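Same chain, two partners: chain A is paired with chain B first, then with chain C.
Right, the complex of A and B next:
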């Protein structure tokens, strides 16, 4: 009896909220990707079911193709090469420093984390202030060294936003790696040292296999987060110049909220979901237990 | 041999820390400088004549105090409501039996995969129906709950031994008492970590309030700052001062709760 009361109070609000805040909106969003729904105008009230028309249109849309390629660059560059590898390297360095009790490691840790707890918009403005052609810190440094100014956001916009996103996101992977490295039993390392394995082999044949699941989950998480990254790019370049830094999430936002084409925008978001799933499957296969 | 490699590692760590800190450092410096000084070449590594003009501008002329309080109100409401709702639901999923439990839980989890942008429009239509457009209530009520929170609490409660609860049931304690007087006190560390993560999330919230809020006095801090950029195009001092103000609360929280903070983030990846 008491149990039922708790059950009702604990789970009913959760199911109710979940349904109205997540499940129904998601289903509605997927459904709208098959219609010509609009945010304003006559299609806002009277929309038609189009079947796969939005998706067929997408594959003929050169802006979609450009944003798709940009997204792949952005995800591979900032999530895989940047955050994942760099996060791993910093974590290994700090882990080593911790084992050797090297002083000052806590400060390094804290500074890396600062970039992550910072509001995204502020991170975007910090990097805008770094890259600005006339007043930017980077160009002032170049000037100090007697080198010609560089138009960072004009000549290498994608690299610029990738660097900013690496700066911002690395802390997460670093933390995951650091806590994960602590779960590997030290005896295994000791034993392999006696067997004469070097540091790389110890990492390759002991650490990676033990941490397989954590690596997979982490890769899926940062890929999804990077795929959905909107605010940082928006604050630094707004997707420009031209479409050069427009990723799918900016393209979807533009289509739905600036061009008011809800249905088409939702179709882009569904494609993003599919890309997420493809990446997920690749990671799971790559790190599957053999 | 080891001594040299130690030194290289220390050097790498210091170098990395400096590079990571540069954007922060210059944000702080520029916020204390006038336009002329902020654009000076060579750059100043410390403000030569620190002035508070930019801060005066945003607080006196631009009403940033109000935006700050709006953001704080939204964020703290989210922290409290998410802790209560997610812990209750997490406990129910961990310990109680009811039909379709696992199916429901899987549905909850799979929703995470969908890009957040899909949710914006239907959610907007919901609050439009309820008449909450342009209210902070509207901003808060559609964010009072998160799948991540349920998952976190479920895993946490599953990791606690069940014997204690069984003993309490034998003694005749109600589920409410067990939950509030035994389970929640045992969950203090995880609640603190989760609360901090929700704080960061709420303080960072951008697109949703941007769509919901239309009148200027109800803006939250990130929206007010984003609008500054158009108004004060290359007056970096004012923009950077607003950035310093916006990044202070999370940094202060972080400094006081470092350990729980780190555990919270780590837990979200380790499960």
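Right, the complex of A and C next:
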């Protein structure tokens, strides 16, 4: 009983911090989404409870749909296909190289990690400088090869920001996979080899089931981080051209801090929260232990 | 008695607090954004005069070296937290929204008694009146020019004393440059979200005024969408961006297209650009007045078919008194000391803008600068930026609409339909005709 009390006392500071830094602001955000809260104009002087009005408006707003579809493209493209798969492949290759003592593995590890160590805003500006039509590194390089300049951000804006985000975020998945791979007992691989399992089957029937929990946590983490990605896109395209790279996080920012409509902006944030929850539930179900 | 003795320390503390609060001097807080470093010495001069006149008042002046948009967010959050400064400095177009939000005090009572108010022309006085009251005093006005590179025009065999005969002439001139001068961007007009305020006041609005269109009906207090006028504007965008490919798509994708395009015109890599009058000063600082006068020409924006020629005027940035100020009289004393004849002239010489005070324009050092003289002269042909509540929402919708056409995502008709739909969603009733 004393031990239980001690444990409760131990987690109290964490509960306190979580309540004040996460739970209360989230509740406040949900509450705001039902109001006309604004920082400018008539609405700023006439605070009202609107009920579901913001949400009804949101579902009629074509900019919301565009941002929603962009967000799905961005999350699936950069988090799931890009960061997750690429991170996995790099981790498997480095793990293999470590086991076989292949030289140069540390360099690959370092290069991938460098992208992650870089602050997001700096990474955004770097990619912006790479993609720039007039002075960009990519076009200068194409010039050297005698190839015509490409308007990267004009003709393939979403792909451009996805590539930048994959470059930036792959290291995280790679790190998680690398450390997780080390927890798989080597004897299992040895035994399966004797049973005649090939590399794919060893991965499918030994690695994945053992690392199921870690995969779930990693997927939830990168999905949430990508869903909320703001700085990178902001620095590269500011959401343009038009709304072509405006994801929900940029749409929420523009609404809340450029149009100063906090209530409407909060409604967008609540929708983002729901989408994150849906993704989370899907991942947990997908990798639930059978 | 014992109880009374116990209360004594409490009474003592209370007395101390009362003494302290009554002895505390009055503080007037002044906030303003400034990245370029032009304003500080003039603000300091006004502050110095204020401190001489009111030695017992504590004047706290804070300069924020951040972009004006970030300053606005900071200010609005301070207002929301009931910690607004007494005096602050923001764009004139924001006035209606600040009035509607109840953030600023009217200056009417001060202005009618102020000797110098007579030096301001009626057009300016009208521009700062909203719902029957004056709310601010502009000091440096905004005008816009259609800038062009004389050296590029010469290379293309075009006359350097250019006065476009209408919109088609702008497009044809740019097309001629495109076909005859390689490695030069023929023309830039801002569009899309990336162009921010430039898309509205340097792109959409001058075109809309060029077909006698209006954006807001003051009488009914509603936004107006004149479909034929907006359609003509969008057709122009389509021709410039898509059909003739005169304006590069990068205008829609660069994070701050105006920075790049101003640099490009200054460096002779862009031929035609409709931009703010204040941009000229940046070129002069970088390339020298003589060089700029030789290479950069400026002309008024034509209407669709030529005359009338006009500029888009704006109130620039102005000082306001917060409605949270407990000492508005003292706040006014500061504003008054900034808007003197000398300060208004000098600040606008350093950061070239036409002056709002007519007597400032008469000072010889102001009169002697040709560019400023020209800027002040065209005020008579100025059509002012729309001043309306919800202007930022309107601006955002305009950015989306122009961006959709300029990127080729939608036809002008589709973009216009979308614009009407979105404006109705944002403002409820909108006059569509």
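The criterion applied here is as follows: the second predicted complex is superposed on the first by the 264 of 290 C-alpha atoms of A that agree within 3 Å, B and C clash if a C-alpha of one lies under 4 Å from a C-alpha of the other, contacts with A are read in each partner's own complex, and residues count from 1 in each chain.
Here, a residue touches a chain if its C-beta (ideal position, glycine included) is under 8 Å from a C-beta of that chain, and two chains touch if they have at least 3 such contacts.
All values reported here derive from a predicted model rather than from experimental measurement.
J.: Pick one for A:59: touches chain B only (first), chain C only (second), both, or neither.
T.: After superposition on chain A, A:59 lies in contact with neither partner.
J.: Touching A:235 in the superposition: chain B (first), chain C (second), both, neither?
T.: After superposing on A, A:235 lies in contact with both chain B and chain C.
J.: So, A:39: does it touch chain B (first), chain C (second), both, or neither?
T.: A:39 contacts both chain B and chain C.
J.: Given the touch rule stated above, what does A:15 touch, chain B (first), chain C (second), both, or neither?
T.: First partner only.
J.: Counting touched residues of chain A, say whether chain B or chain C comes out ahead.
T.: B
J.: Return first, second, both or neither, reflecting whether A:49 touches chain B, chain C, both chains, or no partner chain.
T.: So A:49 meets neither chain B nor chain C here.
J.: Once the structures are superposed on A, label A:205 by its partner contacts, choosing first (chain B), second (chain C), both or neither.
T.: Neither partner.
J.: Is A:127 touching anything from chain B or chain C once the two structures are fitted on A? First, second, both or neither.
T.: Once the two structures are laid over each other on A, A:127 reaches chain B alone.
J.: So which positions on chain A get touched by both chain B and chain C?
T.: 39, 132, 134, 235, 257
J.: Can you name the residues of chain B that touch chain A in the complex?
T.: So the residues of chain B in touch with chain A come to 6, 9-10, 12-14, 16-17, 20-24, 26-27, 30, 38-39, 41-43, 85, 88-89, 91-93, 96, 98, 104, 107-108, 111, 113-123, 126, 142, 144-145, 147, 150, 174-176, 179, 200, 203-204, 206-207, 211, 222, 225-226, 229, 234, 236, 239-240, 243, 246-247, 250-251, 254, 258, 261-262, 265-266, 269-271.
J.: In the complex of these two chains, what residues of chain C are touching chain A?
T.: The contact residues of chain C facing chain A are 69, 73, 76-77, 79-80, 94, 97-98, 100-103, 192-194, 248-250, 252-255, 260, 389-390, 392-393, 396, 400, 403-404, 406-407, 409, 418, 421-422, 425.
J.: Hey, which residues of chain A end up touching chain B in the complex?
T.: 2-3, 5-7, 9-11, 13-15, 17-18, 20-26, 28-30, 32, 39, 90, 93-94, 96-97, 100, 102, 104-105, 107-108, 110-123, 125-127, 129-130, 132, 134-135, 137, 140-141, 143-144, 167, 171-172, 175-176, 178-180, 214, 217-218, 221, 224, 227-228, 230-231, 235, 249, 252-253, 256-257, 262, 265-266, 269-270, 272-273, 276-277
J.: Please output the residues of chain A touching chain C within their complex, sorted ascending.
T.: 38-45, 57, 60-63, 128, 132-134, 151, 153-155, 157, 235-244, 246, 254, 257-261
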